[in-house]
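Here come two complexes built around subunit A, the first alongside subunit B, the second alongside subunit C.
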Partner chain A sequence: MADSYSGAPAEANATADGFFDDQTLKYLGVGLSSLFALGVVLLVLYILSVQVDYGLIPTILPQFIRAYGLVLGIVVTGSVLSVTSGIFVGLARVSKTRITSGISAAYVQFFRGTPLLFQIFVVYFGVPTLWPGTFPISNWGLPTAIISLTLNHAAYVGEAVRGGIGAVPDGQMEAARSLGMGYVQAMREVVIPQAWRNALAAVGNDQIILVKDTSLLTVIAIPELIQQFRDVNSATFDPWTPLVLVAIAYLSITIPMGRLVEYLEARSDWGGESQ
Partner chain B sequence: MDRRTYVKTGAGVIAGGLFAGCTGGGSGGEATETSSGDSGSSTTESAETEAATTESSVPSKVVIGSDIPYRPFEYETTSGELTGFDVDIAAAVFEDQLGIDYEFKPTSFDSIIPSLKNNNFRIIMSAMTITEDRDEQVDFSDPYFTAYQTIVVREDSDISSTEDMRGVRVGVQKGTTGAAAAQSLKEDLDGELEINEYDQIPDAFSALLNNQVVAVINDNTVSAEFVNGEGEGQVRFVEGEGAAAEEGENAPPYLTLTVENYGIAFRQDDDEFRERVNEALATIKDNGTYDEIYSEYFSG
Partner chain C sequence: MSDAHALLEFDHVDKYFGETHVLKEVSLDIEDGEVCVVVGPSGSGKSTLLRCANRLEEIQAGEIRLDGRSISDPDADINRLRQRIGMVFQSFNLFPHKTALENITLAPRKVRGIDEKTARTRAEELLEDVGLLEQGASYPNQLSGGQQQRVAIARALAMDPKVMLFDEVTSALDPELVGEVLEVMRRLADDGMTMMVVTHEMGFAREVGDRIVLMDEGRVVETGEPKSFFENPRTDRGEQFLSKLL
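And then the complex of A and B:
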């Protein structure tokens, strides 16, 4: 960091004891982070070379691929539904109508205030018993997954959108209204495009959490990735082979998602300068 | 209102809430204390004490890993008191025979053997069937219970044999011999069986009542508790002759997929303690304590 402050020589920044000056601190940082990285690399190499049983992989790979496809499907459906409904939750939160904003606030309080695991149990174990007689939907696991993930993440997306709208200077709305636009038109054409840019990082962050939240679905017997780990581990007592596969599977969804969010952010950056 | 402060406070509240959610959800590791009946001394030491005494062949207190609830072997009454067949056997073996304290530590069944090997507890008493695969990882005591894998269906179901199971969805508990029996049944049916694996057996029974699965494959005595208890009038056993009859045992009236023996699991370097427990098990079988406990839970 010291280099970025051009002009003043490093010596000038030295503290009284002469040890924690900018230069030493910089080398200390480099040293520590390199040591950390070296440790991690050695550990990963050790796991990959000694702990992972490559003979086991062909046998268990098909079930991991099936689980991967299933998780991807749940994530895509859950993402589309939760972002769409989350935008409406966010709009309702900033509504000037008492009923709308009150109800949406209560919605957010509940779904943000209770664990997702609890919500999954409510939908999977609670809802079917409300039905008089035998519950007609015999494969309620997947609908439960979509419903609970959507309800939960719509609350978070709603808050992100509300924050995004709140961060747009009041003058934008006032200017639009003074040009003769109605509330809806001003929102749609002036406020929301700017708010969306503000909210993007938080929404993207939340959607990445949604991917990881699918791991909770193992408790309602959805054959997702964690379940594959538990199956293989309890049958072979070999934790590392399935753990490595699970890590690869999740990262291969979340890292591209992170990049996508970065791209969208760059594209909607202030000023719209060409990249 | 200053917007920045508001956003920061909001973020803090969210972070705090999330943190509380995380720590709250992971409380499964807390040990269930079991008071020791007539001796008057209560088992107040923490689980960590056990790790220190691992070296001695017979500890002053044994921590037992168990997947709770698994009625009637280990479960909590509505007032929160831990009870069950395994719990009473543990009291008879450890407290009465060996004169040591015991404590049950809840753990999930599918990871119970790795947990044992990681020193999270000294032994496993969790209605655990002795199987070859498990025997390679742990050492078992002499068998202390015989069980059968059975099929439970809803009262109105038309399933009356294993062949009728073709193409249906069954519920099991992860990592159990019920799950293994379902897997081998799936192979017998040329793969035409869908298996839903739940964390705990009550979840599988809920799924059966809620029409999420057509049948539950599980140990007979545990299923019987459900069939004659909460599920009475709504579910029944599939009847017929099965593995038990083939092996010439005095077979129960319902269809049995396998015959299994339960054992107490020890780490492989724990032979001396295992011998002492085997002796104590033999003693309570001889002196009638075992039969007393047995008839308390399995009167039928």
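And then the complex of A and C:
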């Protein structure tokens, strides 16, 4: 452990002024972070052992499981729709046709530039009044959830895809075209597979944020996870039991998603890094 | 088809980058089977001329023809014409997400519609020709610069081009890797391939070239056989250029 910091030249310790030399800093860092970790662990143990009412869990678990299923459904639908449409937003953004790229840029400006909560309100309260009677307000919550999450996250995915395409060297398109491929074919066969790899981390990040964004749907009374917390907390005045369940529920979705992104990145390694 | 025209013709070509006049009424004919080496100081327009030959750059006046058919005409079926013109780049531009073999088979399969097995067999022949049969399953990342450039040559050859364009293909290579790429090009020339080669490798130009074209400031200033060009340049520009080569 002590000599694992092999990057530092041996004389660094000797030449420093004694207190802030590399070794001291290292021990200070290890000490402080250990102390912090210990504090967190103790706090969590305290919450889990004293604050959480395990007797309450069987009663509230069914409603949490229903909420969990609902969130999963919204996430899967929202992910598929936002990634698919985000790819088109990104492709439109790099189009040489001014109108196409302009529309895409304006789209991104609006949906990235206003809060998701505002967009949810626009869809939930605003849109039905435009065509009165067309939207049954009682069933409009779930469509609102899907529509607003898709529109919002398509903008972020679009930006990630645009960045991914921009990072593919021009020479790739030139090489493909010089072999006789058309523009669309060259994009499909050569540019997009590389752009996708470049964009993967950013898209994955965004999709994890999408999971957490479902919590905002509590404001339009979607029975998602935060809504369950509010229910239980207002009925029992017990914050920690439902909070712990909420944490477990979100993490059980977001942590595997992070893993999935890592796996997809590793899979498109193409013989190891060298660029 | 008739011998009334050369295989690749540049006919009074003018090219501008914005306000900059980079090619000035360039005319040049490359005959079937000829190895035409274009040399000149950097910024002389030699790479631009080469890139115009498969319309990676548009020209503003004049015409470029392959086998009598216009390449520069806006209505030309450029994707079809480009299949007849192989191009090799300074920076290789192999597709990093494809293996060496897939790099070679991609265009024959997707553009020509050749079935996978036939394309594969042909690609293996080409890899063998450039001495890389063993490396077919490697990704570009796993190959040296010289190996990558040889795969790039094989990739261009897989479309059975009538003419090959080489754009400073050894300039990005470590000195010890230059030889293996030049060797492949030399053999290609010996096999009768029509080649237009932009290079700083004067040894190669002299040895393999049928004709040297010297460009300077967007013009062709001298053309000649290698021996007479290198020993007895006819123009002051030619003499100046050669004197700077040591």
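Simple rule for what comes next: the second predicted complex is superposed on the first by the 248 of 275 C-alpha atoms of A that agree within 3 Å, B and C clash if a C-alpha of one lies under 4 Å from a C-alpha of the other, contacts with A are read in each partner's own complex, and residues count from 1 in each chain.
Criterion: contacts are C-beta pairs under 8 Å (C-beta built on N, C-alpha and C of every residue); 3 or more make two chains touch, one makes a residue touch a chain.
As the structure is a computational prediction, the values presented were derived from the model and not from experiment.
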item	value
Partner chain in contact with A:Val219 - subunit B first, subunit C second, else both or neither	first
Touching partner for A:Leu28 - first (subunit B), second (subunit C), both, neither	neither
Touching partner for A:Pro128 - first (subunit B), second (subunit C), both, neither	first
Chain touching more of subunit A, residue-wise (subunit B, subunit C)	B
Subunit B versus subunit C as contact partner of A:Leu260, first or second or both or neither	neither
Which of subunit B and subunit C A:Arg177 touches, first, second, both or neither	second
Partner chain in contact with A:Pro115 - subunit B first, subunit C second, else both or neither	first
Touched partner set for A:Gln185, first subunit B, second subunit C, both or neither	second
Residue numbers on subunit C that touch subunit A, as the complex places them	54, 56, 79-80, 82-83, 85-87, 89, 91, 93-97, 106-107, 110-111, 138-142, 152, 155-156, 159
Interface residues, subunit B side, partner subunit A - complex	3, 7, 10, 14, 17, 21, 24-25, 110-111, 113-114, 133, 137, 154, 169, 171, 174-175, 196-199, 203, 206-207, 209-212
Contacting residues of subunit A [partner subunit B, same complex]	112-113, 115, 117, 124-125, 128-129, 134-141, 159, 163, 166-167, 218-221, 223, 227, 230-231, 233-235, 237, 239
Residues on subunit A engaged by subunit C in the complex (per definition of touch)	169, 171-172, 174-182, 185, 189-190, 193-194, 197, 268, 270-275
